[in-house]
Every structure is written in C-alpha cells, then in structure tokens.
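Two complexes, one shared chain (chain A), two partners (chain B, chain C).
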Partner chain A sequence: MGNATSISHSITDTPGGADWETQRRRVTVTLLVVPIAMMALLFLVPLGYLVWLSLGGPSGPNVNSYRQLAAPVYLNLAYYTLQLAFIVTVACAVIAYPLAYLLANIESAVSRLMIVGLVISLWLSVLARTYSWIIILQRNGVVNDLLQQAGITSKPLPLVYNETGVYIGMIHILLPYMGMTLYPTLRAIDGSLVRSALSLGASPWTTFRRVYFPLSLSGLVSGSILVFTMAIGFFVTPAILGGGRVNTIVMAIQNQVQVLVDLPLAAATSVVLLLVSLLILVVYERIAGVERIFGKGRQ
Partner chain B sequence: MSEYLLGANGRRLLIAYGWLLILFIIVPALVLVPVSIGKDDSFVIIPHELSLRWYQTLFTDTRWRNALILSLKLAVFASVLATVAGVLAAIGVSRAAPQLAKALRLLFIAPMIVPLMVIGVGFYVLYARLRLLGGFVPLGAAHAVLVLPFVMLPVSARLYSMDQRLEWAAASLGAGPYQTIIRVVLPQLKPAILAGFAFAFIFSFDEVVVAQFLSGPQMETLPRRMWEGIQMGGLDKTITAVTTVQLILAVVAMLFITTWQWRPKARPAPARDKADRP
Partner chain C sequence: MTTAFIEQSASGAAAPRAAARPASGKPIGTAGVGVRFESLAKRYNDLYAVDGVNLDVAPGEFLSILGPSGSGKTTVLMLIAGFVSPSSGRLLLGDQDISRIPPHKRDIGVVFQNYALFPHLDVRRNVAFPLEVRKVAKDEIARRVAWALERVHMSQYADRRVSQLSGGQQQRVALARAIVFEPRALLMDEPLAALDRNLRVDMQHEIRSLQRSLGQTVIYVTHDQEEALNLSDRVAVMDHGRLQQVDTPKNLYLRPANPFVAGFFGEANLFRGNAEAAAFVTESGARLPLARSARGKAVLCVRPEMIVFGDKQKEGFPSLEGTVVETRFQGSILRISLRTPLGPIMAVRHINTTDDAPPEGTRLTFGWDPELGHLMVQE
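So, the complex of A and B:
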C-alpha cells in the first residue's frame, strides 16, 4: 500500500483512504516505540533475568532451585496461601453481593454514601488502612472496649497479630474491588426480565435463582478472579496484621531474599508465582477483558 | 430501576446491612484522623487535649521530613513518566491491529496483576547486578512501570468512547497526524489523563514492597519509614499524622477529578467500527 511520498501528499488524501491508512500506521508505530521500550527494559528484562537466575544463572541450566521448592514446607505455604486467598475471595463475594444488589436496585442515602465510600476506598493508602486496623483491633482498642463494656467478654480478645486480623484486614481492603466489579453488572440487568418472571408466576426466590443470579454471574466471576489474584500476591496487610504468625508465599520470598539470601531460590519461587498470575491474567482476559478491571472501560 | 424481589422488610434489612458495611469500609479509613490530633501518646479515638504536635514532628523532624520530600519527588517522577508512556501506549494500542492490540494490552496491564513482591525481586536481582540499588532514578523508573496501568486503563476507556469522526474531520481539514493527536485527541483525553496521573501518584506515594528492595540503606521513602514504625509496634503517633495527610491528599485528588470529569457534556458515542467510515 501507499508509497514513500505519502506523507507529503497526505493532506489531500481522503481520511480512510489507502495513503491515510499507511501514514496512520506509521504514526501508531512511532507512538508505541517509547512505551514498548520502557516495558521491555523495565518489566520484561527484570522478569527474564529472574527466570534465568531461577534456572541456575551462570552455573548453567538446572532445576535445583525448583527441586528445593518441592519441599513440604513450601508446598504447605503454597496450600495455605491459596486457601487464604480462596476464603477471602468467597467472603468478599458473599459480603459484596447483597451490597451491590442494594446499590443497583434501591435508591437511598445509604446507596449514595456507599458508592462514594467504595470509590474513595480504591484511592486510599493500603498501609494506612492496615495500620488503622491495629488501632481498632488491639487489646485496648475500640472493638475490645465495646465488647467488654457490653459484657460480651470479660477480658480482651486477641483480634490482631493473628489469622483473624489478617482476614479482617484483607477483606476490608479487597471488598471494594469486588463491589465495584459487581455493581455495574447488577445495574445492567434488565428489570423487565425479573418482572416477567414474577408475573408468570415464579416465586421471588425462583426468579432470583433462575433469572437474576445467572445474569449476574459474569460480574461475580470477574470480581472473584480479580480479588483472588490480589489476595495471592498481598504482602503488606498479612505481614502487618499477622504479626509473624501468618506466613504466605510472598512473605517466604521476602524471607528468602533478606534472611536466607538464597537468590536462586527466591527467583524460582517468584517465577512460579509469576506463572500463576500470568495464567490468571490470560483467563481474565478470556472471560471479561482486562479493561473491565475497576469497572471502567467497555461494558 | 426499582426493586421487585424483596418485600418491604427485606428492603429495610438490606438498607440496615448497607449502613453496617459503611461502618466496616469507611470508619477504618477515618479513625486515625482524630487520633492524630490528640496531644498525648495514647491512641484514643476521642482525644482529651488537641494538638498538632505530630504534624509538627512530620514536617520538622529531619528523618520524617526527608522521607516525606523523597516520596513526593519519587511520586512526581514516576507518575509523570508513567503518564507520558501510558498515554502514548493507550493511543497506540487503540490504533493497532486487533491481534497486536490484544497482546500489547496484556503487556501494559501486567504490572498490575503480577504480585509486587515478584516485580520487586526481579528489579532487586537486576539492579544488584548493575549496581543500581539505592539510586533515585532506578527506583523511580521501577515505580513508573508499576503505575503505568493506572494511566493506561482510564485513557483507553476514554478513547473507546470518543467519536473518531473528529479525527477524520481534522485530517480532511488539513491537520497532520501529530497535529491531530495534539489538538484534537489529547484535549478530549484530559480528564482521563488527569485521573490516571493522580491515581499513579497516590499509588507510588504509598508503595512499600518494591521500595523496600530497591532503596538501599540510605534512601528512606515515607512508606518505608512508616513500615518500620509499624513493625516496631506502631507506637510513634507521627504515623497517624502521615496517614491523615495521605487521606486528605487522596480525597482532594478524587474530588478534583470527579468535578473535572463531570464538566464535559457526555454525548452518546457512535461505535468505532470500520463500517462507520465514509
């Protein structure tokens, strides 16, 4: 298509014509050079180096580090991390579903305030909110004060620096992501379908089960994938609220680097986690399209 | 749309549930604000005596102040770089052939999906080899890649909803390709670019995992300083002053952007498919 002089003639070309197309393609390539170079240099190279290091680095290709990973301690860690992420995801889905239903279907002050709250949440510091939970949940914190004043317990409950604290903190931080993915899906459900089912004699429960819920499934799936991925890689919240009693695979990686100083092992663990997250990314793209993350982009 | 499946009681119950969740989602974000203006060392939610001494520490204590300034510089550097690259990437991807666009979109979004710890270790081993640990520009560049998706996503979304005929009109009126981008496309992207920039800034300002690996002993960013304080039991109330400043920053940025985005009148955009072309 086109020829070398197309640029100088382009002004008189019809938009959409062959020369215009060629020129537009050339501009597209020029635009992409900088961001692609940046991603290659600052994303693919570090990760590629990690893969090389995990395979033995300078001492030739071998899978020694991966063999180390097959030890029971790492298998248990992997199992524990997946279990933690799974429970957090299910909890977020169960908590967020009625909430998203409320936001999508009932006009009230609480809905408006909640939408603002959810959007602001995505903007707030994870470190700060994790720290808040220490203040709220600690031995002489607000929750324990209230529980004792209400006579529910006589001495403070251990709510933080353990698994309970990790679950509370992770659900708090990941819930808005689930909510903001579910809400647009539920809002897009055509109310006339629900009305038809009801007028044809289906009970509200049957209508929900056979009509409403299947229509909301796509949002539930993409929200769950998003939350699950974030939960697997979560470091700040479990590290702080777990108080050393909760160990996940990312915390093991930090330990391998900073305490064990076994970089090939840390690299191998990272590569496994990298492959898992890339797999999830591809699945997510297949199911929902990555641009739907945060509920933005095409619906 | 109104609600059909629940009775009046069910609806009331659901609204009560909503209020309960507001407590769960919003209160932890706000609880440190009153704590931060309490004069004494104790972490009480309703302070006995008010004082700004923790803010004074944040802005005058050398270690805290240096960390604050370093983090501000880092966030500016990273988010400016990410905004330039992210906008170019979004425009480029929106014009690329469908298969290529799909692959590129996955590449540009990947830093958001790959765990920070994995990216952090990758940079750590590479920078250690290249003797780049502890440098401002290397850390800023790493942050720029981390926050690039936050720019790319809103800008891409905006591009999809734009009327492509404006570009054709510009071209047929004699505008060159770059002139069209600068004078027709970019002005329409402004709110999305601003939103992406702000989100990128806030993320970098809060990032601790990658910074911990790359900053070396001498470069202490604000989140790193906070992290250390929290690990020591979190008894330094200056941390509550920092979180309050972060909160104000985030809320101001968000309000600024939402008012910005509401300003342009949104018109239903025609589909961007080939059949549309003259």
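So, the complex of A and C:
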C-alpha cells in the first residue's frame, strides 16, 4: 500500500518529466533486477563452471573427458538409462491415465480423498518411500508372505535389490507427477464434447479414441516429459532398490566423483546428460505439437 | 475485418435462396419422424425431475419445451438424447421404443448450447464426424458435408479451425453437423442462448426455414418465451417436472391453462375468486361479468391490452374505478399502472398522438369485454 502510494506520487509530482509509460518501464526493470541476478548467480554461473570443468578445468581447454565418454561402457550405461526412463514413463502413463480419468469424472468424497492422497505422496520424502519398498518387497516381506500363504509360489520371489525392485520403486515415486499433470487436463475436457460425439453416432470406444484421447494428449505429453526427465536423473531409488545390480548414468557420475575422483569426467557426463534431456524435450514437443493441436496463438 | 464482412453477408442472406441441390446422387435430407412420450418419468432418489410426461410430437413438427430453470426441461432433453434413462414410462421415436437404446444408436441430431464442436478438428472434419463413424464412403462424405455446409451458409469456412469462428458461425457448423447424417429428429438445447440479440433473431429465422425445408422434427429446449413463440408450431410449457400446457403460441397467450402459464407468457392481471354462474366474485367481493357461465374456485385472466377506459366502455363490460400510479412510455405503447380496490392493475394503450398520458393521480373508469377475459377453473 505504502509503496504504491509513493510510486504514484512520484509520477504525478514529476514536473514535465518522464510520462507514465516510461515510469512504469523503469519500475518493471528495477523489479526484474533481483530475479535475473538470482538466476545468473544460482544457475548460469554453476552451469558455466560445470562446462569449464568438463573441458579440463585449470589444465584445459581440451575434450579429453568427452573422448573418454565414447567408451562402450558409458554408451551402454546411457542406453540402459534411457530405456529405464522410457519404460517407467510408459508404465506411469498406462497406470495414471485410468486413475486420472476416474478422478476427473467421478464427483464424490472418495475422489477428493484420492487427490489428497496423491498430493500427500508428493510431500513424502523419496528416501522414506524408497526404503518402505524394501520392507514390503524383501524375502520375508508382506508381498512374499502373502504369495506363499496363497500358495502361488513356494519360495520367496526376488522382488528387490534387482531390476524389478527399481521399476516398482521408480514407477511408484513418479506416478503422482503423471497423475497430477493429467488430472487437470482431463478435468478441463468439456463433457458436452463426449455427449456430442455419442449423439452423433460414435460408440463409447470411438468417442474415446477420436475425441477424448486427442484432447487429453497435451496433458499426457507434459506428464511424460516431466516423468521422463526426472527418471533419467533418478539416483536414490535405483541405487537403493537396485542393490548394486542396476547402474544408471547418474550412478556413474557419483562413481566418477567419489571413486575415480575424476571431476572433469563427471562434469562432462553431466553436461551430456543435460544436453540429451534438452534434446528429448525439444523433439517431444515437436512431435506432439501440443500448441498446434489446438491452434493456440493463431488468430 | 474481412471475417466480419463475410459473416454479415452470410447471415444477411435470409432472402429466399434456392435449396442446395447436390451435384449427383440421391437428394440429401430426410423428413423427421414423430416422437412420443408415454408417462415418461425420471426420479432422482425421491425427487421427480420429470413426472409423468405424455406428449406427442408429430413428424415434421417444431415443438419447443419451455420452462424456467429447474423445471425439468433439461432432464427431458437428456432423456430424449439418451444420456439419462427413464425411471418409468416409454419414449418412442417413430414406432421404435428407444427408452433403453444408448445415445449413439438413436440417430437423433443434437445441437448443444455451447456448440460442442471438436476443437482438434477443422470445420470440415467436424461435420464429417457423424458420417466417418458410420463408415460412409469417402466421396459420399465429401458430397454430404458440402451439402450441409451449404445449407448453413458456411461453405467458405470448411478449412477453418473451430477456434477461428465466431459464436454464430460455430452454431451454424454445429447445426450442419447435426443434420448431415440425416437424423430421425433434431434436438436443440438453447442453441442461441450465447448469441447476441440481433444474431439470435437471424438464426431463429434460419433454423425455422431449414427445419421447414427438410421437414425435420425439431424439439427445441429453451427458457426464452419470445424465442419459443417465434419458432414453434407448438410449445410445451414445463414447471416442477410436469407439463403445464402444450399448445400453439396463440392459445398459450389467449387461453392459458393455469396461472403459471398465464404469468409466463407476457403480463396478466389475475383475479382470484369463485365463478358463480354468470358472474365471477373476487376475493375482495367485486362481481365481474363472465361471457360463459361457470362454477367453482377459479382465476380470471385479463391481459393488459384488453383493458379499455372511460368512453370506450360498452354495455356489459365491468365498470371499475382506479387511480393512475405510474405511466411509462415504451415505444409504440403506453403502460399504465392503476391502483384499484381489486389490487394493482396493469393496462397498455397504443400511443395516440392526439391525447396525452393521464397524469399520476387521475381517477379513471375502466373495464374489458367479458368475451376476452379468460377463466381458469381450478379443480
């Protein structure tokens, strides 16, 4: 209140000086200084430092570290990480879609409770959620106990400290992100469009395929981008639930820093990971063309 | 600028226009069939949203379902379209019972209030949609889409995105999409409610002439009396889930079935009391002559324009006195509010340039032709 008053005062009091527009521009620029400075200091500077380090740091510039990354071991790791992230993303989409559909279309106390549950699960520590899966999935855990009592298996199944455990954990942790991105999109789809398609002779399945699904695509794309990029950089869950059997590119970076103590190599790996993530984002956006589907920005 | 101009010329083309003849093949556009409601009811828990509706809509008839919000008209619409199934009763389309048939197998064209065009498809694909899902051959789809767009004067917009169209244009496309698959009946849910007044009148005219030329059966749901009177062969007035009266616009105005209908169409002076043979005795004890003798508890309805003053009174008219409370000039008519022993009375008089409006406080004698008073006896 006090600020606003003093601003308008200084404007009206300026004798023959800058007009309202110029004044306003000055205020805008002043207000932008702080966030821009923060961005530069907290993101651009460290990023620049990372790139400088990857090019050899004080002994550079050279591309030795990048050359090292072309080794089959790193290429395999990168391929495996992308594959892991892809499968997790698809699984999240397949599980979250019907869930979000129910939440968006059923008006009840239950659906509200489920949304609260989804949000709360985002607040919980990833570490706590990961460790609880060990308790559930271990040899004498709840799942194996039930399976054995039901007579489905005679011996406990290896559900954790392997790939299975990593998939279960990562899908569980990333699922809410897909759900929370899909939900508002599905919620925004006008029910009269579905009714309209039905009245025009489209069966419920055709209506879903030709009207509902295309309209939900934008949410599916943004959810997938979010989950995929998070999955590529996931560390805690694969490290804990993989029991050393599952290696991702991020775990390689940790190894380079702590075991090999090769900071330029670690920096180079990080830079490549960042570029790959950016590239995927751009390609995904191009293919899906979210904006083009709705013709936004075209008048 | 260009868009606005084209739109104007399109909507201005209300003058007689040759019906579009498809270039080849059989003519498109089949006449509608009748719709019959047999004691149709929809109950939500213990509440009747629609309560025992009996109604026969003739093939090719334009029938409006009119009612205030909460009257049950939307539920009737949902019942016809098939999005809601009746708790009891039957709904017949032609001679087929469609009460339990899912919406996509009903072959009823529905036009929604918010147009409900598919935002991810262009105009042509929107109109082609009902034909594509029916697996109609490609060239036949092209022929029929061209025909439908021509009928609503939207041919030049076929490749536009829905988001590039104005509200009126979107409504035309929605109309084309609803007639393109030759439905057995058309159902419209307040299709013009979102348009501005001038465009609404244009569109009313176009919907009416399209319906006439196709011979299509139209059930038109609205809360706008003027629109219903303007468009319909008959109007079904609903309130509290029940049909109050189904009649021609003229009869609804001159012979309303009950005070609700009388009050819903225009203004009415309503007197409550008892019919005692040739006279109607109001609650305040005044005796008013009746044209036809009747007995029992009743409401007498006298429209404001039927009230005449002073020297225009004739033999047999009731002779009453009142004081002018307010006069208001409304274009071609003058509205006069009177305070009388029978309660407030509203009269209208066509503007006569030779005499002035009576000033406030003037005492006037007034009456009406008993032939024009409408008695509604209540059982």
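General remarks:
Just so it is clear, the second predicted complex is superposed on the first by the 255 of 299 C-alpha atoms of A that agree within 3 Å, B and C clash if a C-alpha of one lies under 4 Å from a C-alpha of the other, contacts with A are read in each partner's own complex, and residues count from 1 in each chain.
Convention: contacts are C-beta pairs under 8 Å (C-beta built on N, C-alpha and C of every residue); 3 or more make two chains touch, one makes a residue touch a chain.
Predicted model, so just to flag it, every value in this text is computed and none were measured.
After overlaying the two complexes on the shared chain, residue contacts for A:72 are found with neither chain B nor chain C.
Residue contacts after overlaying the shared chain place A:104 against chain B, while chain C stays out of touching range.
When the two complexes are overlaid on their common chain A, residue A:121 makes contact with chain B while staying clear of chain C. Of the two partner chains placed by superposition, chain B and chain C are both touched by A:198. By the document's definition of touching, of the two partners only chain C reaches A:210; chain B does not.
Of the two partner chains placed by superposition, A:58 touches none, neither chain B nor chain C.
Contact comparison for chain A: of chain B and chain C, B touches the greater number of residues. According to the touch criterion, the shared surface of chain A, contacted by chain B in one complex and chain C in the other, consists of residues 195, 198, 204, 207, 293-294, 296, 298. Remark: chain A residues 190, 192-193, 195-204, 206-207, 210-211, 214-215, 293-296, 298-299 touch chain C in the complex. By the touch criterion given at the top, residues 10-11, 13-16, 20, 23-25, 27-29, 31-32, 34-36, 38-39, 42-43, 45-47, 49-50, 53, 95, 98-99, 101-102, 104-108, 110-111, 113-114, 117-121, 123-136, 141-142, 172, 175-176, 187, 191, 194-195, 198, 204, 207-208, 212, 229, 232-233, 235-236, 240, 250, 253-254, 257, 263, 266-267, 270, 273-274, 277-278, 280-282, 284-285, 290-291, 293-294, 296-298 of chain A touch chain B in their complex.
Remark: chain B residues 1-6, 11, 14-15, 17-19, 21-22, 24-29, 31-32, 35, 43, 45, 81, 84-86, 88-89, 91-93, 95-96, 102, 104-119, 121-126, 129, 141-142, 144-145, 148, 153-154, 156-157, 160, 167-168, 171-172, 174, 176-178, 181, 199, 202, 205-206, 208-209, 213, 223, 226-227, 230-231, 234, 239, 242-243, 246-247, 250-251, 253-254, 277-278 touch chain A in the complex.
Listing the residues of chain C that touch chain A in their complex gives 81-83, 102-110, 112-114, 116-120, 129-130, 133-134, 161, 163-164, 177-178, 181, 187.
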